[in-house]
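Take a look at the structures below.
One chain, subunit A, links the two complexes that follow: it is found with subunit B in the first and with subunit C in the second.
Entry: the complex of A and B
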């Protein structure tokens, strides 16, 4: 018996240790899930729940289950007596600004990043440090800078007027074209308020992100692939079109999607540079939750719709990319 | 058909001279191996030929045409890279068709050419495969087929076997050589493997420190090395130092028949003898015998390497194993015969350093 006992004890000890070692990860996982639920899922669920709530005049809001907030978003509060598409219009501008600014940022960041990856390691490091440093600037600070740069009295319009460019534009007829585009008043070129300034600022805001997101893919691209293409008769543009772009297609599209989602929620740039009639849903949500209207359920409904719209756009983009990938 | 000619081609990277005044002619339809140790400038020379680098000085000509300032995409020399550089976003057939597709060749015609080339490299069933699903040997064949699709006048290969395992490398060397002979295309292969160069090439260019040390047919390079570097780099060699006196080499207390009288008396020389030229037979000719002690014996298949300690320094002798072969043991005293005809004699490096 004594010969059998020790192994039994040993095995029970071992199983005890293994139980403890298994339980520890279980506990860790449970804490992790609780954190994820509390910090990520609960706020989303709350927003969805509140979007079905009711505003109480003169007070805050109360839980409920009404579709009035969603109805107001799509056809207006007075439907069916009267119909308004004010918030759908704002949703349109949210998507429009985000798409154009994201595309613009990626289009300009891509060649810059490509040339950066061809530089020496030291030069690449300097650029990356500089770009990472610019990320520390807040949206408010960036918009303030652009606000001064594009302001009618002291910014670029003043420079154009003083250097005679405005007069030249008037003589050549381009001034009228700019007026049609909403980028000139009767006296001078103007950037505030305009779609141009809004998109430009939004694009500038996410440009460093675009470079940093594209950099790993482009720096890892094997130089011998582009050289191989060159030895087969491909000029620089053909190499770019047939080798570089297809090789970094996924990171490129991923960057575009990420910037798009980020730009859907941009607030300060839009409030400063967009005309009141062309403001976005992010501004409207803020106004409803914290601003003048104080209607949390309606703000929550707008936020939910913005979230769903973002999701649908990404899904559609994914379908488009996959289809192109198959045909390529 | 045109030969490819390099006239005093030089390439500097800042203060570093990668290629120094290279004059070479690559005959049409021949396979030339650029052979040398790492960093000797052989890949840079290949890239200069391809147009991927611009020479600092010199001219690159294909027959009467001056290609020196022509871009790589205008030269269209097919090139196989060390890592094959296949396009992962294209399948095998699309990779092979690449040069034709960008040149605007109709799809049907391009696919026909691809089919012919895939047949040539024995990859016909793999046309629709993704690059990631191929083995190393298959990738190399795709890279060869892709480079040949544009029917290049010159075919360049940068260490094409280095990514392959030993067995596959041997097989691919034979296959590549047979393919090159069948197509009769001027081919330049960069390698640091002397065996690869010896078995594949019509001509070998041995390079060191950006310079061409010797050019010639593999057997000429092996049997008539132009200097101690070539003798050492191509095949194995034993070295010792001596001084010429009356047609004999004096090394310490030994005096050996040199077989040549082209050196002045008192000239310090470096003497090279290949392991298979030295003789350890029981019956050996008179003269040029050196006392030796066996310090190590190594069996290498059909031959045996006998490592000796001699008054001339350590020496390795390749001894054929066969009927009546001698047995050698560690510590055994013997004599080694160094036939005058097997000695390569060069001016001593020490003498050159002093000069």
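Entry: the complex of A and C
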């Protein structure tokens, strides 16, 4: 911007038209490409380059060209003496949590948004403003809140104990079943750490996004279509299944994909609510890069694989959607 | 965030008095109007206490002003310093490194300078263990120590006399909070409790045996914590009734009325300590030496124990700490972590540990 001389600046302030004519399209293109290059391509390439770097045992790492980090991802560092699928396991949990939490969020957000679009304009705006406001809550804040809500002394376990549900569970024998599931200690039920808490928090985290993404499609839906279907004798479920859902199929699937990609990288919820045996690749990447081993190359390799996996999932999803689209 | 929690807590009850002792100990201030030094320390209450109590005493004694720099911790700071050194300008003259980060910086090379020990006579008050020497000379002098201690909720369970009790599922099923980080010293506790101490780390078989022993704890662990605030909250909430935690914070939580007891079982607790290290690009070697000399003085060590809650690196007899004050910050026996082995074999240990946690 410093290259712009004062007269140009002045004219651009006075008239948007003159500015357009001064800013030549090829210059604009060049600036755009420079931005894309520095903000997207360079960091990307750096990560890929680092992923081929060499770990120096006991120190940090150095640039290099080795496939050892990728090999380690699939079979472990001690291969061929011993093989471990530790990192594939982490990758599996990344995808697993992201899919379930995204589906749950869309499943619950869809009916909510549907009923919201049937409300008065004023009520709709109030809800939208409220939901937009909740987006300002960071992941850390949300996790903290759920952490308290699920805590033994201040949360749900306390409620269950005080209302006598815990005692009832103990009498009926369900308590021992919960202990086997890891959802209770000898004193009370517990929700941390558990898949339940992890998925719950992740769904909660993206829920407002789901509503905001579904809202435009649902609110634009022409009411005369559903009314026509109703007058022709279709029940509410049939209308939902044959009229509403097909017409918002694309936004619905788009939302699902977006939430899925967003959730692949979730870190705080997983570190706090998932037991170490069920943690994700995002946690593993962080531990490699910022943890005491200072193994950025291995972290980068894991990040690249996570990226590729996300891409493959989206691609498979796309194929599935297209095929359905043809048959429908 | 983490440090803030921990240190805010420390602040509420930390020590009483002690500043007076320092002024008298150190010699005449040097005439040095414009001398200054940039010193790093872990942010939050820890750094604030340094700014409030330690640095002013130093400035009063030597005339050298201190510019305090916030470090997030040792490991992250090492990454920062590595990048800063490559760029040719470092944010601190003196950094505070835990022992493992110190060794690591020595192995990476060209990050820290050897210290002129003739200018640091007070370091002789410390045990040799706290002076770290590599091929270039002494590159780290101990600053303060801390213990990772056995803690229990005395309202819920009896205090164990040995770490062995934590393996007893009839007492601790789904009830313990242990450090998930390999650097959290659980393996050192296991080495001291079930094996031949730090020597067990010398072979891969020894490491696997210890990791397997750690795996036997899993049914009893409700929380594998990475940030100390997680453990703090879980002890307060009753999500866990025991585990491992920092001795100093546990003492302060107990003083605040929370149901937590920090105890030294018969095998002891792992000790960790921070060292002052001079950045290779610093031009303030003389000022740094004066500061380290000041920090090594028994009076300053006692000041830090009272004000920050850290354990002194000099014998209690050399300080004016009372038995009560001393037991508030320290205890015996101390388990020495196998620092070198963790680094020599870090990929293997880390992966074995992660496999155990993931049951993969």
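Things to note:
Note that the second predicted complex is superposed on the first by the 289 of 328 C-alpha atoms of A that agree within 3 Å, B and C clash if a C-alpha of one lies under 4 Å from a C-alpha of the other, contacts with A are read in each partner's own complex, and residues count from 1 in each chain.
What we mean here is this: contacts are C-beta pairs under 8 Å (C-beta built on N, C-alpha and C of every residue); 3 or more make two chains touch, one makes a residue touch a chain.
Given the structure is predicted, the values throughout are model-derived calculations rather than measurements.
Subunit B and subunit C, once both complexes are superposed via subunit A, fit side by side.
When the shared chain is aligned, subunit C comes close enough to touch A:291, but subunit B does not.
Of the two partner chains placed around the shared chain by superposition, neither subunit B nor subunit C is touched by A:50. Counting the residues of subunit A that each partner touches, subunit B and subunit C differ, and the larger count belongs to C. Contacts of A:85 after superposition: subunit C is touched, whereas subunit B is not reached.
With both structures placed on the common chain, the touch criterion links A:200 to neither subunit B nor subunit C.
In the superposed model, A:272 lies in contact with subunit C only, and not with subunit B. Residue contacts after overlaying the shared chain place A:222 against subunit B, while subunit C stays out of touching range.
Between subunit B and subunit C, the minimal CA-CA distance in the chain A superposition rounds to 47 Å.
Listed in rising order, the residues of subunit C touching subunit A in the complex are 1, 75-76, 78-79, 82, 100-101, 103-104, 107-109, 156, 173-175, 180-183, 222-224, 226, 230, 233, 236-239, 343-348, 350-351, 354-355, 357-360.
Subunit A meets subunit C in the complex at residues 55-60, 76-78, 84-86, 89-90, 140, 147, 151-154, 179, 182, 184-187, 190, 192-193, 271-272, 275-277, 279, 284, 290-295. Those residues of subunit A whose C-beta lies close enough to touch subunit B in the complex are 222, 224-225, 227-235, 238, 242-243, 246-247, 249, 328. Across the complex, subunit A is touched by residues 50-52, 71-79, 81-83, 85-90, 98-99, 101-103, 146-147, 149-150, 156 of subunit B.
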